[in-house]
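Both complexes shown next keep chain A, but they swap its partner, so chain B is in the first and chain C is in the second.
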Partner chain A sequence: MKAVYERPRTLRDTPMHYCPGCGHSIIHKLLSQSIDELGIRERTIVVAPVGCSVLIYNYLDCDGSEAAHGRAQAVATGLKRARPECVVVSYQGDGDLAAIGTAETIHAANRGEKFSVIFVNNAIYGMTGGQMAPTTLAGQPTKTTPFGRDPKEIGPPLRMCELLSGLEAPAYIERVSVHDVKNVLRTKKAIKKALKNQIEGAGYSFVEVLSMCPTNWGMTTRQASSWIEENMIPYYPLGVYKDRGKERNAK
Partner chain B sequence: MGEKVLMRGNEALCESAIIAGCRFYFGYPITPQNEVPAYMARRLPEVNGCFLQAESELSAINMVWGASVAGKRVMTSSSSPGISLMQEGISYLAGAELPAVIVNIMRGGPGLGSIGPSQSDYFQATRGGGHGDYRTIVLAPQSVQEIADIMIDAFDLADIYRNPVVVLGDGVIGQMTEPLVLPKPSTRTLPRNDWVLDGASGRDARVVMSLRLSPPGALETHNLHLKEKFCEMERNEVRYEEYELSDAQLVIVAFGTAARVARTCMQKARGLGMKVGLLRPVTLWPFCADALGALAEQRRVKAFLTVEMNLGQMLEDVRLAVLGRKDIFFYGRTGGSVPDEDELFGKITEVFS
Partner chain C sequence: MKDPERVVIAKECCKGCELCIDACPRGVLEMSEEINSSGYHYSVFANKKDCNSCTLCAVICPDMCIEVYK
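Entry: the complex of A and B
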C-alpha cells in the first residue's frame, strides 16, 4: 500500500514541548518536509534562537547550534562563511529577531548573507510568559501592556518584511501564515523556496510566518486562528515583498 | 632562527594568528587596536580567509561562535569597552565549550575612559568576565615578540581545552614597534574535532548549546565538568618568568608593560645594592600562586611589591597567594598612564628603608 502521509525524515519522532495550538510544531514540520524534499538533511545546520523554539534542535534530525538571544544571524553569518557548502537556517521568534536582535537582522540582510531566515511572528513573548513583543498589535493586552499596547507611548508594531524590503541586498522576502490549511501550504512553498535560494547561492532569504500563541493570547486554538485572520493579517499583509529571482526573470 | 622583522604589536599578532592557521576574523573598530582589523582586512583574503567588519562587538563575538562551531580557527580583537560588550558571547562560548581567541588591547576605563594604555581589565579577564561559573585562560605579553609567540599558544590552548582564550595586551604592546622573529606554526597534537557542525553526513546529528534544562541537575553536572577543565588548566598552563629571584629580598610582581618598567627599576636598584627580583606572570589566569607562595615561605624574602597599570587588581591575587606571610606593597598608575620609573624607584627605596 502506498503511504500518502509520513512523518518527514528530518522531524524526530519525539514529543514536543509546545503548547496545544502553537504554530511552531507546524512550522518545524514544514521546514523538515522542505529539507527532505531538497535532500539537504545531511548538510543543513539550524541556528536556534532564545525563545520558545530554542529546543528546535531536539526536534530536527540535523546539526544544530544555539545562539544567544538576538544573535542568531550573527552566528549564522560566521557559520555560513566558514561552511559555505552547508545550508544554514536561522529560526527566530519576534522578540529575538525584531527586538534584541534588530541590528543583527538588518545588517545580515544588508550584507546579503547567503543563509535563510524563518521568522516566527506571534506578536508576543511566549517563553517568558506573554510579554509585549515588538510585533504586538496596537491595543493588544500582554503581561507588560496590561491595558493594551499604546502606540503613542511605545510606538506601533514593527513590520519586518516592509522594513527589510527597503534594502537592496536581500534576495527574497515573503510573509505567510499558518492559521489555516491553505496558508500552511503557502508557508511550505515559501520555506522551500528560501532553502532553494540558498542552495543556488541567491542570497539572503527571509520568510516571516504569522503564527498562533493561544496560551499567551488567552484564547482557544480556534479563536487564535481567527485572531490571525481578523487582526494580524490586516496589519501584516501576506505576500511577496521582494523576489530578486523573479525580478531577474522579468528583465 | 628566522629572519628579524620590524613590526607593530597589533600587526605582529595578526601575522602570528595567520601562521597559527586562523582564517576567520570578525571585529569592530576601536582604538588602540585598529591596526588589527586593518591588517586582517588586507591579509586574510591573500590566504583565502574571511575578514568581516561586524555591526558591533556583540555581533562580532557571535560571528566568532559561528565560525568556531564550524570547526575553524577564529579570532576577534577589541579594546576594553568593546570587550565589555563581548562578555555575553564569551560566557556562551565557555558554556558551549567552543574555542576562540579574543585579543584585548586594553585602554583606560571605566566607561569610554581614554585611549591610553591600561591594565584595568585584569579583574574582568581573570574572573571569566561574563555571567556564570567559568574561567578563560588569560595570556599577558610584554613585548611584540611575546605577543606573536603567545598567539600560537593561544590558538592551541583554545583547541585543547575547548574554551575561549584571552590575550591581554595593553595599548603600549599594541602600538609599539619592535624587532621580532615571527614564530613557527605549532607542532602540538590537538584533540579530535568530534563536536564540529558540518552537516550530519553519515553520522548522528550534533548540537552545540549552552542551555542545560534537563534532566534535573544537568547544569550542575556540566559546571563540574567545566571545573575539571579549569583545574587541568591550573595544573598544566601556569606560565611566568623570574628575574633575579635567587637572592631577592623584595619581589616585584608585574605583568605586561608594567613588568618592563619594573625590570628597569629592578636593575637600577640592584646597581645600588638592593636585592630586588621580579616575578612576571605570563598567564594571569591560571595564576602563579604556587610560585608566589613558595617565595613567601622563604626567610630572605621580606616583602612583595605589586606594580600595575590600574588601582590594584592583580594585587588581590598576590594577597591570596602570599596569605599574610609577608608585607605586600603596591604601586600603580591608572587612567591610561604608564608607571613612572622615578616614582617606582622611589617606592622601591621606600620599601627597603
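Entry: the complex of A and C
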C-alpha cells in the first residue's frame, strides 16, 4: 500500500501545544503542504506573531523570525526588501493583525509589499485567555464583554478583507475558513495561491482564515465548527475580494 | 514486511477533538474507551472494511495524527 496522506516535510514531528480542535494547527499543516508542493522550504521565512501561534517556529522546519506584537508585517517588509529571493510569510492572528498591528497591516498593504499574509481570525484573544478582539462578533460573550459585545458602545467588528480591498496596491485578498473538510481544501488552495503570487512577484497577498477556538468560546469542537458556519460566515462572507492576476487576464 | 492498514492513527498525539469522526462519510472511526498518556480519549480505526482511503479524516485532523494508505 502507498501513502496517500502523510506528514509534510516542512511540518516537524513534534506535538503541538494548541488546544483540541484548534484551527491553528490545521493552518500550519496547510502552509507546510503548500511550501512542500512549491519546493520553497529552503528559502522560506515565516514571521511569527504574538498570540497563540507565537511558537510556530517550533513546528515549521524553515527559517523564521519573531516580531514584536503587531509588527510582523513591518519585519516582513524588511526581510523581503533585504532578501527579495526569499519567500516571506507573515502569520498573524486577529489580536495581532487587526488590533495592535492595524497601522503596520494597512501601510504594508498600501505599499504593495511583495510578501504573503496569513490572517487567522478566531474572533477572540486566545493566548491571553479569551478577551474581546476587534473581530469579536456583536453579542459574543468574552472575558471582557461578559454580556456580549455591544456594537453601540465599542463599534461593530472589523472586517479586514473589506477594509484592505479598498486599497489599490494589494494583488490578492481572499477569505476562507477551516471549519469543515470542504473549506479546509479551499483554504489550502488559497494559501498556495498566496505563496505562488509571491514567487511570481505579483505583490501583496492576504488570506484571512476563519478559525475555531473551542476553549475560549466555551464550546465543544463540534459546536465551534457549527458556530463558524452559523454566526461568523454571515458576518464575514467567504470569497475572493481582490485578484489582480485574474483582472489582468480578463483585460 | 506487512502492509500498513489504510488508516494509521498515532494515538499519543491525538487530543480527542473528534473532528475526524464528523469528517468520515462512512463512520469508520470511533473514540476509544481508554485514554492516552495525555489523558485524552483517542480516535480508533474501527470499521476497517468500510474504509476506502478517501483521506478526509487526515485532511481535517489538526494534529497530523492520521496517515492514510491506499
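In this section, the second predicted complex is superposed on the first by the 250 of 251 C-alpha atoms of A that agree within 3 Å, B and C clash if a C-alpha of one lies under 4 Å from a C-alpha of the other, contacts with A are read in each partner's own complex, and residues count from 1 in each chain.
In the analysis below, a contact is a pair of C-beta atoms (placed from the backbone, for glycine too) under 8 Å apart; a residue touches a chain by one contact, two chains touch by 3 or more.
Everything numeric in this text was worked out from a predicted model, so none of it was measured.
Asker: Would chain B and chain C fit next to each other on chain A once aligned, or clash?
Answerer: Here chain B and chain C can both sit on chain A without a clash.
Asker: Applying the document's definition of touch, where does A:Ala171 land relative to chain B and chain C: first, second, both, or neither?
Answerer: A:Ala171: touches no partner chain.
Asker: Using the superposition on chain A described above, determine whether A:Thr77 touches chain B (first), chain C (second), both, or neither.
Answerer: In the superposition, A:Thr77 touches chain B alone.
Asker: Return first, second, both or neither, reflecting whether A:Ala68 touches chain B, chain C, both chains, or no partner chain.
Answerer: First partner only.
Asker: Does the superposition put A:Ala103 against chain B (first), chain C (second), both, or neither?
Answerer: first
Asker: Is A:Asp180 contacted by the first partner chain B, the second partner chain C, both or neither?
Answerer: second
Asker: Rounding to a multiple of 10°, what is the angle at chain A's Cα centre between the Cα centres of chain B and chain C in the superposition?
Answerer: The three centres form an angle at chain A of 130 degrees.
Asker: Between chain B and chain C, which one contacts more residues of chain A in the superposed model?
Answerer: B
Asker: First (chain B), second (chain C), both or neither: which does A:Ala3 touch?
Answerer: Once the two structures are laid over each other on A, A:Ala3 reaches chain C alone.
Asker: Closest Cα approach between chain B and chain C after superposing, in Å?
Answerer: In the combined three-chain model, chain B comes within 19 Å of chain C at the C-alpha level.
Asker: From the superposed pair, tell me which chain A residues show up as contacts to chain B and also as contacts to chain C.
Answerer: none
Asker: Which residues, counting only chain A, touch chain C once they are in their complex?
Answerer: Those residues of chain A that touch chain C are 1-7, 11, 15-16, 18-26, 29, 180-181, 184-185, 214, 221-222, 225.
Asker: Quick check: in the complex, which residue numbers of chain A touch chain B?
Answerer: 41-45, 48, 54, 57-58, 60-68, 71, 74-83, 85-87, 103-104, 106-107
Asker: Spell out the part of chain B that touches chain A in their complex, as residue ranges.
Answerer: 24, 26, 50, 52, 54-56, 58-60, 62-72, 74, 88-89, 92, 96, 197-202, 205-211
Asker: Would you mind writing out the residues of chain C in touch with chain A in their complex?
Answerer: Touch residues, chain C against chain A: 3-4, 6, 13, 15-19, 22-23, 40, 53, 55-56, 58-64, 66-70.
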